[in-house]
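Order of writing sets the chain letters: A, B and C. Residues in each chain are counted from 1.
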Amino acid sequence: MPDPRLSLRGVTKSFDDVQVLRGIDMDIAPGEMVCLIGASGSGKSTLLRCMNGLEPVDNGEVRLDGVDIAEPGFDLTPIRQRIGIVFQSFNLFPHMTAYDNVALAPRRVLGEDARARIEALFSRFGLADHMKKYPDQLSGGQQQRVAVIRALAMRPQTMLLDEITSALDPELVGEVLDVLRRLRDDGMTMVLATHEMAFARDVADRVVFMDQGVVAEEGTPERIFSAPERERTQRFLASILR
Amino acid sequence: MKTILSAAVLSVMATGAFAAGHCAASKTLADGALTIATGNPAYYPWVIDDAPEKGEGFEAAVAYALAEEMGFAADQVTWVRTSFDEAIQPGAKNFDLNMQQYSITPERDKVVDFSAPYYTAPQAVITTTPVVEGGAEPTLESLKGLKWGVVASTTALPVVMEQIQPDASPLVYDDNANITAAMKAGQIDAALFDLPTALFTAAVLMDNGVVLGQFDPSAAENPDQFGMLMPEGSELKACVDEALAAMTENGKLAEIEAQWLQEATGVPLIK
Amino acid sequence: MAAGSHRSSTDQVTRRAAYEAQQKRRANLIAGVSTALVLALIVFLVPLAPGWEAVRASFFDGEVFVRVFPDLLRAFLLDVAIFAWSVPLIFGLGLAIALARGNTNPALFPLRIFGAVYVDLFRGIPVVLLVYLVGFGIPGLGLARPWNSPYIWGTVALVLTYSAYIAEVLRSGIESIHASQRNAAICLGLSERDTMRYVILPQAIRRVVPANMNMLVALQKDVALLSFIGPVEILRQAGIFKSLLANFTPYVVAAVIFLCVTVPATRYADYLLNRDRDARS
C-alpha cells in the first residue's frame, strides 16, 4: 500500500460528557473511496469533521500526507483548500447567488477568477441555468449540488462528503454518482458518509461500518454487504435492508 | 351679645373687603388674595435668593408695592411658579399676574393680556475680555464682526438681526446658562441680554465677562418693555394699570428700579 | 420551468385570481368606508369641543403656517446635513466597536474590554447630557475656532451615543448567524477576516435592517438636540417663531416637514426589504 493520504490513529472526541469517537484508527490511500456507514448518531459526521480539523480532536493523530494536523495549535488554513467538505445541510451562503457561492473562495483564497472552470462545473452537474439563482430559489437537490461544486472549485485532493445524496431527487442520484466516479478516476480521495447502501456497494473501494464511536468492521463492499462477520454489522444491515 | 359679635365680625370682613380695593375686589383668583407667578427658579436681580416672598429684588419689590397700591396687605400676596411656556399656552391660568421679564409683543398680546410696562430694559452686549482685547468696541460696526448667541425666547434675536446685522448667523440657545457656557467655550463672542441680566452674568457667572455697552431703549423702534402677564380678558388689568400709573407718578417705581437695578448706570451707549 | 402554466396564468384570469381580486375589492371597500367614518367623526366632532377655537388658533393658524414655512424648510436642511454626515460615522464606528467586541484573539483582549466599556458607557448616558458635555466641555478645554464648533462636537456626541447602540444591534446580528455558515466558509479556506466580511456581515447587516431603521428614525429626531448648543435647526427655528408669534403652529409645521421625510423614508426601506425578500422566495 502506498503512503496513506489520510491516516488516523487513536482519535477520540467527546461533546461534554458524551464520548462520540472512541479511538478511531483508519488509513485512506490516495485515490481511494471510502464509505462510512452506521446508525444515526454513530459518529460519522463527527469523524468527517475531525478529518479536516473543523472539530478539534481530544486525543490521537490525524495525518494528512504524513503531517499531523491534529496537533494542538497547528495552522489549518492552508490545509483547508486541500480537503473539501460538503455538509449534510449544504450550508450555502443565502445572500449570494449559486455562482457567487462557488466563486468566493477561489477569488479570495487562490486569487483566481475561475469563471470558465466554475461554469464547466455547473454544466457538469446540470446546473448551468441556475448559476444566478439564490439558494432559497433552488430545490434541496440543486442546493446540494451547488455545495459540491463549491467544494470542488477549490481543487481539493480529498473530499469529505456527508450524506450528499440523501437530499437528491432519485433521478439525479445517478448523475451525482457519475460525477463522483469521474472524480475518483481523476485521482480524488473521497470519504463519504451515507445511509444509501446500494450506493456504497456500487461505488466504494472500501466500506467502514461505525458503531457507537468505533470502527466495528471494515472491508470491501462485497464482503461487508454479503458476508458481514460481526453480529452488530449484521443487525444494522438487516435493519436497514429490510 | 350675639348680634354685637356678628356685627363686629361683619364689620371686620367689610373692612377687609374694602381694603382689598374698590377695584380688585372679587376679580382675583382667590378672594382677598393676589396670586402672583414668578419663574422657577427666579433669578437675581429680579428676585433675590429665589425667595419672592421676602420682597427683595426688582420684581419682588414691584409686586409688593403694586399689591399695596391695589389695597392688598403683604400677607395677602400668594406666590406660585410657572415656566415661561406655560403662561402663554391656551387654557386656564393659576395666577392673577405673572412677572418674569415678559417682553410685551403684539403677537403675545393676542393670546394673553399685558399690564402697562413696569420696566423698560435696555439691551446690553455681554462679551469676554479676550474679545475686548481683540478690538471689540461698543459700535454697531464693530459688533457686526462678532459671532453672536441669543436666547430663543427673548426679543434679542430680532434686535441682533435687524440692528446689528452680524456677518455670521447667530447661534441660538435655550437659556442664559447655555449662552454663558458657549461663551466660555469660545463658540460665540457676544450675546444680547437685558442690562440687569447682563450685569449679573458678567459679574457672577463668568470669570472674564464684560458688559460692552447698552442700546438706548428710547432710541429703539420698539424698546423691550416688561409687562405683567395676565390671562386673556382679565378683569384685573384695569386695576393693575391704574396702580402702575400711580406708582410711576409718585416715583415709587423709579425708586425700586434705582434700588435693585442701580447697576444700570455706567455702561456706555452703543453708537 | 413549466412555461405552459405560466402562460395560462397571464392570458386568462384563473378562478383563484378572480376570487382574490374580489376579496381585495371587498377589503378595500370596508377599509375605505371605515376610514371615512373615523375621519368624519374627527372632522365633525372635534370642532364641537368648547376649547377648539382656542386650540385651532394657537396650533393651526394658516397665516402663521405660510409665514414660517420657508424658514423652517431652510432650517430643516441643517437637520438633513447633520444627519447625513453623522450616519456614515455612526455605522463605521458602530461596526468597528461590534467587531472589537466580537474578536476572540487574546492579544486583542484590551480592544474587547474597550468595546464593552464603550457600549455600556455611551448607551447609559442620556444623549442630551452628552451633547452638552461634549458640545460645551471639549471646546471649553481651549480649542480655537473653527475646531471648537458646536457642529463638530455636537456631531461627535451623536456619533458616540448612536454608534454604541448600532454596535450592539450589529453584534446581535452577527451572533444570530448560525455557526454552520462560519464553518462552511472556514472549510473553504477563507480567512477569519474574509469570512466575516463576505459571509457573516452581509447576512448580519441584512437581518438587523429593521432595528437600524428604528435607530435612524430616532437619530433623525435627536439631531434636534444639537440646537441646545447653538445650531438653529428646524425645531429651534420653530421655537423661535413660537415665542415671537406666541403661537404653536410653527411646531406643527416642523412636524409636517419631518413627516414628509420620515414617512416616505421608512416606507421606502420597507419596500427595499420586501423586494429583497420577494426576489429570493
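Keep in mind that, in the parts below, a contact is a pair of C-beta atoms (placed from the backbone, for glycine too) under 8 Å apart; a residue touches a chain by one contact, two chains touch by 3 or more.
Because the structure is predicted, anything quoted here is derived from the model rather than measured.
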Q) How is the touch graph of the chains shaped: line, ring, star, complete or other? A) line
Q.
If you tally contacting C-beta pairs for every chain pair, which pair wins?
A. B-C
Q. Measuring centre to centre with C-alpha atoms, which chain is farthest from chain A?
A. B
Q: Can you check how far apart chain A and chain C are, centre to centre, with Cα atoms defining each centre and the answer in Å?
A: 46
(Q) Centroid of chain B to centroid of chain C, CA atoms only: how many Å? (A) 42
Q: Mind checking the centre-to-centre distance between chain A and chain B? Centres are C-alpha means, answer in whole Å.
A: 87
**Q.** Overlap residues in chain B, where contacts from two or more other chains coincide
**A.** none
Q.
Can you tell me which positions in chain C touch chain A when the two form their complex?
A. 180-181, 183-191, 194, 198-199, 202-203, 206, 279-281
Q) So in the complex, which bits of chain A are touching chain C? A) 52, 54, 77-78, 80-81, 83-85, 87, 89, 91-95, 104-105, 108-109, 134, 136-137, 150-151, 154
Q | Residue ranges of chain C in contact with chain B within the complex | A | 51, 54-55, 57-58, 132, 135-137, 139-140, 143-145, 148-150, 227-232, 236, 239-240, 243-247
Q: Note which residues of chain B are touching chain C in the complex, please.
A: 88-91, 105, 107-112, 149, 152-155, 157-158, 169-174, 178, 181-182, 184-188
